[in-house]
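Listed after this line are the structures, all set down as structure tokens.
In the two assemblies presented below, chain A is common to both, partnered first by chain B and then by chain C.
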Partner chain A sequence: MHVSPYYIEHTLEDTSVPNIVTSILADYRGYDTMFETVVIFTAGIACIFLLRIFRRIEPETRMYRHIPTGITLRIEKGGKFPSGSKEFEHIDSVWVPHSLIIKTTGRLIVPFIQIFALYVIAHGHHSPGGGFQGGVILGASMILFAVTFNLRSAIQRMSERVTVILCSLGIFIYAGTGTLCMLFNSNYLDYSALSGILGVDPVTARSHGILIVEVGVGIAVMAVMVSLYYNLASAGRHDEGL
Partner chain B sequence: MIWQVEFIILIIVLVLAIGAISVLDLLGAAILFGAYSFMMCLLWAIMGAVDVAFTEASVGAGVSTVLFVAAVFRTSRRTKD
Partner chain C sequence: MDEVLAFLVSKVNYWAFIALMMVGLYAMIAKKNCVKKIIGMNIMQTAIILFFISSGAKENATLPIIIHGNGHDHAAAAVEASQYINPLPHVLMLTAIVVAVATLGVALALVIKIYQQYQTLEEDEIMEKIQGM
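After this line comes the complex of A and B, so read on.
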């Protein structure tokens, strides 16, 4: 006996999701996807444990760029660093050419990538896509920002603490949805039990449950990708990146 | 589906896979691996597994290439063997 003909014939009436792959991944085989997300979470945490160096080593020399003139300054040890000044920009010591085209293109393209990623997460019921793909694209937009600008400005916008909290939050949303189903006297990850609090019939509740779970997966995967990039690109020091 | 297109993509996948494991320059290997992922993505899209193709395009060809390049940037560019 094979189960695949059952899925192909009954997916639409069971879950009202047209994309069979999404409904199998997040509903019929919800356990698998949950533990896949846990695997990704574990990979991110293991990367932090292996690579992260918390002892801050102050560099002997620093490079600054004077923004109005474009002159690059190299300040030796003992010199005064223009930390708070608006006119000087702290740049990486491995010299990278200043390119206005790359920065402007990166700044223009990042919001569109993020909108597309949210579309992929939200539209996973009807078209290919879902939490994993959308989360990876969302993380890739952040990585693109870190590559076009520098690692410090990316960490300013999304700190290490935020990435770790977000990847735990994603797992928590997924596992919490399953536990909520148990609290309503149903099986773990049986979203039809949520019809009471969502205010819809059980079939639509399964569709909405898939969406909630996909959002959790997306948040976790996005945070893990960004955290992996931070640790790999700076060898755990979080000071200078690619 | 046109079998010639599938055949050509399969040949390219094989060439890229052999290239990625035999090249001594690790940065080149990372780029070849990204190209390999993209060709696999095309192959999956031809076979009708659009979800898998999407995942391969975003994870394999996108993020993992960046992570490989970051790792090469922080270690050495040439292999020891």
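After this line comes the complex of A and C, so read on.
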């Protein structure tokens, strides 16, 4: 009558995943999670459609900051400025002061947050974690970078195009895994069909299939979080941001 | 009377969540400011999440990760359902949290557009501006 006792008692023999939440999320109720990922993808796309301004109005004056000294240069309209210089950064007319402490701390913390996020994604089978949580932590690390530096530097590292492609790629990995199972004469999202190409027994194949799907969810969630932040923080203009 | 009281006290966590949800609903309906409405929506979602998680609890049960279940050891497969709390509400709420973030993002995007259009987020001022056009 109730499904949850079945899930608790048969998770290990069905999928060999000790974390019951993960096995239900990505295997027993895989459809739910797949369309959940589509929901956040839709939210990210809706945010881009609502806010993004592609028409760029050339401002009267442009400001450049010399990073080592913190001196700000003002370039009048029509003035030329070498764009490729690493010493100068383009800033807005309402700019925030340069702070070495905040930037250095951010630069030091971000890689550790990203490693922790990868651990959370990959270790979702055995401990609390998974694609959604790890993806949000990865996205938070990019947002932290954008907050400590500015939005322009973050967009240089991970452009808008990349975020949109990664959102779609995440869902493609999920849906593609399901379709691959269909190609091996099995039901959609029945990962035990992948045992042939993964070279393991069907039960372990379900565990590996969950991992593949979680990686897809993690990529999609990370890209959507970053894309939402880019658009909300700059109201779609993609300039200096907060 | 005592039975009713005992019933009410035994479900005290549900009453707390109902109160929290009413706080959220009140903010969504009665507040004039759009951002406060969004905060109310988030409080309501939190109440629902807490309700589901709380409904999955069992006495003398641990969190839904099978102890010493390393995957290949099928001797450990004899698991009692009463040893572990119900994992299903956790799964549903895990996805609900992500949807909450997505709805928050879209709501904030709409609020930014409304502010760009009317230079205010107060509902009555927006109505005045719409009627004055």
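In the analysis below, the second predicted complex is superposed on the first by the 225 of 242 C-alpha atoms of A that agree within 3 Å, B and C clash if a C-alpha of one lies under 4 Å from a C-alpha of the other, contacts with A are read in each partner's own complex, and residues count from 1 in each chain.
In the analysis below, a residue touches a chain if its C-beta (ideal position, glycine included) is under 8 Å from a C-beta of that chain, and two chains touch if they have at least 3 such contacts.
What you see is a predicted model; the values in this text were computed from it and never measured.
**Student:** If you stack the two complexes on chain A, which partner ends up touching A:Val17: first (chain B), second (chain C), both, or neither?
**Tutor:** A:Val17 sits against chain C, while chain B stays out of touch.
**Student:** A:Ile137 contacts which: chain B (first), chain C (second), both, neither?
**Tutor:** first
**Student:** Taking the superposition on A as described, I'd like to know which of chain B and chain C A:Ala154 touches: first, second, both or neither.
**Tutor:** neither
**Student:** Which of the two, chain B or chain C, is in touch with more residues of chain A?
**Tutor:** When the residues of chain A touched by each partner are counted, C comes out ahead.
**Student:** Under the stated touch criterion, which partner chain does A:Leu211 make contact with: chain B (first), chain C (second), both, or neither?
**Tutor:** It touches nothing on chain B or chain C.
**Student:** With the two complexes superposed on chain A, say which partner A:Gly129 touches: chain B (first), chain C (second), both, or neither.
**Tutor:** Touch status of A:Gly129: first partner only.
**Student:** Given the touch rule stated above, what does A:Ala233 touch, chain B (first), chain C (second), both, or neither?
**Tutor:** After superposing on A, A:Ala233 lies in contact with chain B but is clear of chain C.
**Student:** Looking at A:Ala223, would you say it contacts chain B, chain C, both, or neither? Reply first, second, both or neither.
**Tutor:** The answer is neither, since A:Ala223 touches no partner chain.
**Student:** Just chain B (first), just chain C (second), both, or neither: which does A:Gly44 touch?
**Tutor:** Only chain C; A:Gly44 stays clear of chain B.
**Student:** Taking the two structures together, which residues of chain A meet both chain B and chain C?
**Tutor:** 19, 21, 128, 130, 132, 136, 225, 228, 232, 235
**Student:** Hey, which residues of chain A end up touching chain C in the complex?
**Tutor:** Per the touch definition, chain A meets chain C at residues 3-5, 7-9, 11-13, 16-21, 24-25, 29, 32-33, 36, 39-40, 42-44, 46-47, 50-51, 125-128, 130, 132, 136, 204, 207, 221, 224-225, 228, 231-232, 235-236.
**Student:** Which residues of chain C touch chain A in the complex?
**Tutor:** 63-66, 69-72, 74, 76-77, 79-81, 83-84, 86-88, 90-91, 94-95, 97-99, 101-103, 105-106, 108-110, 112-113, 116
**Student:** Can you list the residues on chain A that touch chain B in the complex?
**Tutor:** It comes out as residues 19, 21-22, 120, 128-130, 132-133, 136-137, 139-140, 143, 147, 225, 228-229, 232-235, 241-242.
**Student:** Give every residue of chain B touching chain A within the complex, in rising order.
**Tutor:** 50-51, 53-55, 58-59, 62-63, 66-67, 69-71, 73-74
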